[in-house]
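The same chain A turns up in both complexes below, where it pairs with chain B and then with chain C.
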Partner chain A sequence: MVHITINGKVVKAREGEMLLSVIKRQGIDIPALCHHEAIEPTGNCRLCTVEITKEDWNGWKKHVTSCLYPVEEGLIVSTHSSEVMEIRKTLLDLQLARCPNSEYIQKLAEEYGITETSYKTRPDADNCIMCYACTRICEVLGKSAISAVNRGHDKVIGPPFGEEPPDCIGCLACAQICPTDVIEWSDDGEVRTIWNKKFDLIACKKCGKTIITREFADYLIEQRNLPPEYFDTCDDCKRTEVAQKMGGLVEAAKEVTL
Partner chain B sequence: MFIDGIEKLNQWQNECRKALDANKKKVLVCLGPGCLASGSDQILDEFKKVLKDKKLGGITLDSIKKTGCHGFCARGPLVVIEPEGIFYSKVKKNDVAEIVEKTLEKGELVERLLYRDGKDDKPIAEYKDIPFYKNQMKISLRNVGQIDPDKITDYVANGGYAALAKALTGSKPAEVIDAVSKSGIRGRGGGGFPTGRKWASCASIESDDRYVICNGDEGDPGAFMDRCIMEGDPHSVLEGMIICAYAIGSKEGYIYVREEYPLAVINLQKAIEAAREHGFLGKNILGSGFDFDIKVNRGGGAFVCGESSALMKSVAGEVGEPRAKYIRSVQKGLHDMPTVLNNVETFATIPVIMDKGADWFASIGTKKSTGTKAFSLAGKVKNTGLIEVPMGISLKEIIYEIGGGIQNDREFKAVQTGGPSGGCLPADKLDLPVDFDSLTEAGSMMGSGGMIVMDDRTCMVDVARYFLNFLVEESCGKCVPCREGLYQLHDLCTKVCEGKATEDDLALMEKLSKVIQTASLCGLGQSGPNPFLSTVMYFRDEYLAHIRDKKCPGGVCRELITFDINDKCTGCLACIAVCPVDAITGEKKKIHIIDQDLCTRCGSCYDICNYDAVEIK
Partner chain C sequence: MKFRFKVVPSLCIGCRTCELACAFTHAQDKKPGRSRIYPIAYAQDKYVPVVCLQCDDAACAKSCMFDALKRNEETGAIELDKERCVKCMACVAACPFGCSLVDDVHDEVVKCDLCGGNPACVQFCPTKALVYEKI
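Up next is the complex of A and B:
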C-alpha cells in the first residue's frame, strides 16, 4: 500500500495501480474517453490528464495522463487545477472540431463550457474520436482484425486494405465498446454484416432464435474447450432444459421420500 | 581471420597499416550522398580505368579509394589526394586523366579544380588550410571520408576495435559505464540525456535479457549526419554498440535504419558480416567469452519511428506508435526488457572515449555539453555540408567561418536548429554557444543536428507553416493534442500567411501551442509547436505585418505580394520568356509590364531578372 494525496485528501492505493482508478474510487469525476476496464490503457484522448507533484520536488509539477501513471508513495495530485481545466477544455474544443455531430462529445464539451468549437471543423466529419477502444478490444479477443491505418489527421480505423477483414469473426465487441456508436452493423434475419463482411448466424435448434455467428461460435469452442454442440441451442432454451430436468428431479425425489 | 585477443589485434593492425602504406599515394573519391548524386561513382570508375593502363611506381588500383562523405557538399564531387591532402572540388569525369597525369605522375596541381574562397581569391591547395575544414574538430566523423567503409582493414588500420579490445580485456563493465559517465557525453539524438546515466540505470535492473538499439532513423529534413556515419564508417557504430552491450550485459542488438538509406543498410550489413568473421561479433568476442550480435532492422519511413518508444514497437513488428514513458525504456523497452537506445553519432563516439579517455573527451566543449557535435549545415549558407565542431562554438562561427557566410552576401535572418520541431533563432542570438542547454533556453533545441540558415528573403510565418505541415503529415495520429492540435495550428498559420487571420487567431495559436506542449504523448507532439512558438517569439512583427497590414515582409506569401517591373528594366525579354502564364508583355529594349490579374506570383520573373528590375511589393 502507498499513500497519495488527491485534491488535499490522503488516500491509500495499491502500489503500481494506475492513478485513474484511484481517482475514480474516490468518486471524483474526470473524463476519460479512451479508457475502458476491459482493455489496456493507451493514453490517446489525454482528457484524464492531472497535475502531479511531490513534497521534495521543490514546487516543480508536471502533467500526466492518470490512466497510464502508476501511483507511488507521496504523490500529490490535483484533478481540477486551472491548468488542468485549460488542457481539458482545449482538448474537448479540438474533439468538437473533429466530431461536431457527436452528441457524446457535444455533451462533454458543454460540461466544460464549450458549446461551439474555436477551430475549423472537419468537412467530412464522422463521430470517430480515435480512442482505439475497438482495435484494443479486438486485440484482447485475440483477433486484431481491425486496426488504425494511415497516420496523423488522416488516420482511420478500419480493416486491412479497406477490404473485408479476413480475421473478423463478427463478434460485435468493437461496435459495443465504441463510446460514440460509429461502427455500423446489422443483423438481418440470418445474416450479420459488420465491416462489410457478412456472417451466417446460428439459429437455436429449439426455438429458432439467432444466437451468434458461426465463426465466433467456432472460435469460442476452440478457445474455451467447449463441447462442439454447445451453440446448438440458445441460452434461454438451455435454461429451460435445465429447469425441466431439475423439475423432474424434484418430482422423482418427492416420490422417493413418500 | 579470427582475432582471439588483444595481441592478435595489434599484430593485425600493424599488417593493415603496412598494406595501406604500401601505396605511395592515395586518391580518395567521395561517395557521400551529395557527391554520389553528382556522379562521383563515374569519377571513381574513370580513375580505375585510367590507372589500369598506366604503370606508376607506388600507385596501384588499391590507391583509389571510395570513401564516405568529406563534408563539403557544396563543392562536390570531391577528390582528395593523400598524403599531401590536395583537395579538388567540383571534379568531373573528364578531369580525371588530367589529375592522374599532372598530380599523380608529376606532382603538379590542377589549379582550376582547387578551392577558392571567392572567384578572384588565391586558390588553396590543401584540405587543412580551407576555412571550412580548418575550424572543425572530428570525433564521430573521424574516419568518414578517410577510409573505405567496405574494408574492415581500413578501420582497423586507423585504430578500430582497439577500444573494444581494451574494454573487454582491461575493464569491468561497471568501469566502462564509469568512463562513459565521466566523459559527460549526452545523447546525440536530440534529447541530450546523459549516456552514462542511461547505461547505468539499464545495467542496474535485474533481468535475464536486455537489448542495445542504435537509432538510425534520421528523419529531420536536411539532416544527414547519421547517414554519413552509417555509410562512411559503419564499424565505428558497431564498435560503440558492442562496448555498450558489454557494459550493460546484453547479448542482442538492433540497428534501426530508415528504408530511405539503402547504402547505409548495405554497408552496415557488410560491416556486420566482416565483424563476425573476425571475431568482433558473435560468440566469444575477442576470446573474452562475451557474446553479442547485431541485426539490422529497416524502418518504413515514418518520422515518428525515430522516437524511441515508437522505434521499439516497430522493431518488435508492431505499428510504430509511441507509448507513455512513465516507465522508462531502460526498465521496460524492447519486448518489455531493459533496453539502451542511443543514436548513431553517440555510438560512433564511444570508441574514441574509451581509447583516449573520459577526461580527454570532457575537456572538449563546455562543462555541461562535452565533446563535439556533428551538424548538417544547409539553407542559404555558402558552404553547405557536413561538419563537426566542439560544443560551445558560437552560431556565428559555424555560419560565417565554417559556412562562409550567407549566399550572395545577403543579410542573415534566422537559423533553425533541431529539425522540424526545433526553433528559429534571430541575428541577435548569433553569439549563442551551441550546446544542449543554451539552445533549449533560447527556445530552440540541439535536436539531432540539422542546421538551416535563412536569409532576408525568408518569411518566418511561411517557415513556421512549412515545418508545421511536415509535423502534421508525420504525426502518428495516436493522441489528440498532436493529431488535432497541430492540424489546427497549421490551419491557423496558413490563415496568417494568406492574410486572413486576426489577432484573436494569434492568441488562439499561442494558447493551443501551450496545450499541445504539455498534453501530447511523445516528444514529437510536445515539441511540435516549436516552429510557431520560436518564430512568434523572435519575429512577432512579421506575424503582425501579415495580420494588420496584410503584408509579407519577406516577400514570400503569394496572397500578400505583387510583382512589379521598375525602370531598371532593360527590355531583355527574359521575364516574358519565363512567365508560365504569359502575364508579362513588352517589346525589346522597352520596359515590360506585368498584368496583375493574370500574375500567379510564382516569382519566376524575379528570379531570372539580372537587373533588379522586378520588385516585390
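Up next is the complex of A and C:
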C-alpha cells in the first residue's frame, strides 16, 4: 500500500497500480479516450496527462500520462492545474483538427473552452483518433483481425489489404470500445456486417432473437470449452425454460409429500 | 464460499416485489435498472423466481474473453466489472439459465451481484421464497 496526494487529499493506492485508476476511484473526472480496463494502457491520446511532484524534488514537477504511470510513495498529483489544462486544451485543439465532425470530440473540446480548432482541419476527415483501442481489444480476444495500415497521413485502422478480415469473428468488441464510434456495423435480421464482412447471427431456436454471431460462439466453444447447446436459445427463452423445469420439480415434490 | 443464495419456488406467490427491489437497488441517474430477478409463471398463479445462481463452474465467467466477470470470494457472487466489460454479449449468449442480461436503459450488461452481500430481493420477499444464508 502506498500513499499519494491527489489535489491536496491523501489517498491510499495498491502498489503497481496506475495513477489513472486511483484518480478515477476518487471520482475525479479527467478525460482518457484510449483507456479501457480490459486493454493494456499505451498513452496514445495523452489526455489523461497530470502534473506530478514530490516534496524532495525541490519544486521540480513533471507532466505524465496517468494511465501509464505507476503510483509511488509520496507522489503529489495535480489533475487540473493551469498547466495541465493548457496541455489538454492543445491536445483537444489538435484532436478537433483531426476529427472536426466527431460529436464526442466536439463536446469534450467545448468543455475545455474550444469551439473551433485553431489548426487546419484534415480534408476528408473521419472520426478516428488513432487510439488503437480497437486493435488492442482484438489482440486481447486473441484474433488481431485489424491493425493500422499504411504510414503517416495515410495511416488508417483496417483489415489486411482492405479486404474482408479473415480472422474477424464479428464480436463487435472493436466497435463497442471505440471512443468516437467510428467503426460501422449493422445487424440486419440474421446477418451482421462489420469491416465489410458478413456474419450469420445465431437465431434463437424458439423465438428467433439474435445475440451473437455463429463464428464468435464457435470461438468461445473452442477456446473456453463450453457446450455448444448453450448458444442454441436466447436468454429470454432460457429463463422461461428454467421456470418450467423448476416448476415441474415443485409439482413433482408436492405429489411425493402428499 | 461463506454464503448461499437459495430460491424456494413453492413459497413464491408471484408478487414481483423482488423485481421492484432489484430495479430500484440498481438505479442509476434516477432511473431504475433492469431487474436481475424474474418471477416467471410456469402455470396459472404458480411462479418461479428465476435469478442467477452464481454457478461454481460459471459459463458467463468462462465465456468472458476480457476477464470482466470474477467471483467475489466474500459474497460468493460472480461480479461484473463494468470498467472491463466491452459489451460483446458473450456471457448473455452463454449463460445456460439466461441470467446475464442487457439493460437497455443504461446500455450495459448486468447480472446479479447479490447486492454486495445484502440482497435487496431477499429483504423484500414477503414469503421467504428467497433466502440468503450462511453455510
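Assume the second predicted complex is superposed on the first by the 255 of 258 C-alpha atoms of A that agree within 3 Å, B and C clash if a C-alpha of one lies under 4 Å from a C-alpha of the other, contacts with A are read in each partner's own complex, and residues count from 1 in each chain.
Following the convention adopted for this analysis, a residue touches a chain if its C-beta (ideal position, glycine included) is under 8 Å from a C-beta of that chain, and two chains touch if they have at least 3 such contacts.
The structure displayed is predicted, hence computed values, not measured ones.
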| item | value |
| --- | --- |
| Combined model on chain A where chain B meets chain C, clash or fit | fit |
| Which superposed partner A:N150 touches (first chain B, second chain C, both, neither) | first |
| Which superposed partner A:S118 touches (first chain B, second chain C, both, neither) | first |
| Touching partner for A:T90 - first (chain B), second (chain C), both, neither | first |
| Which superposed partner A:C45 touches (first chain B, second chain C, both, neither) | first |
| Touched partner set for A:T65, first chain B, second chain C, both or neither | first |
| First, second, both or neither for A:T79, with chain B first and chain C second | neither |
| Partner chain in contact with A:A217 - chain B first, chain C second, else both or neither | second |
| First, second, both or neither for A:R239, with chain B first and chain C second | second |
| Chain A residues touched by each partner, larger count belonging to chain B or chain C | C |
| Which superposed partner A:N127 touches (first chain B, second chain C, both, neither) | neither |
| Smallest distance from any CA atom of chain C to any CA atom of chain B, in Å, after fitting | 21 |
| Intersection of chain A interface sets (partners chain B, chain C) | none |
| In the complex, chain B residues that touch chain A | 302, 304, 319, 321, 323-324, 326-327, 472-481, 483-485, 487-488, 491, 508, 511-512, 515, 518-521 |
| Footprint of chain C on chain A - complex, ascending | 36-38, 137, 140-142, 171-173, 176-177, 202, 211-212, 216-217, 220, 223-227, 230-231, 233-244, 246-251, 253-254 |
| Chain A-touching residues of chain C, taken from the complex the two chains share | 7, 9-10, 38, 40-43, 46-48, 50, 59, 62-63, 65-68, 81, 83-90, 92-101 |
| Contacting residues of chain A [partner chain B, same complex] | 42-46, 49, 63-65, 68-70, 83, 86-87, 90-91, 94-95, 97-98, 118-120, 130, 132, 147-148, 150-155 |
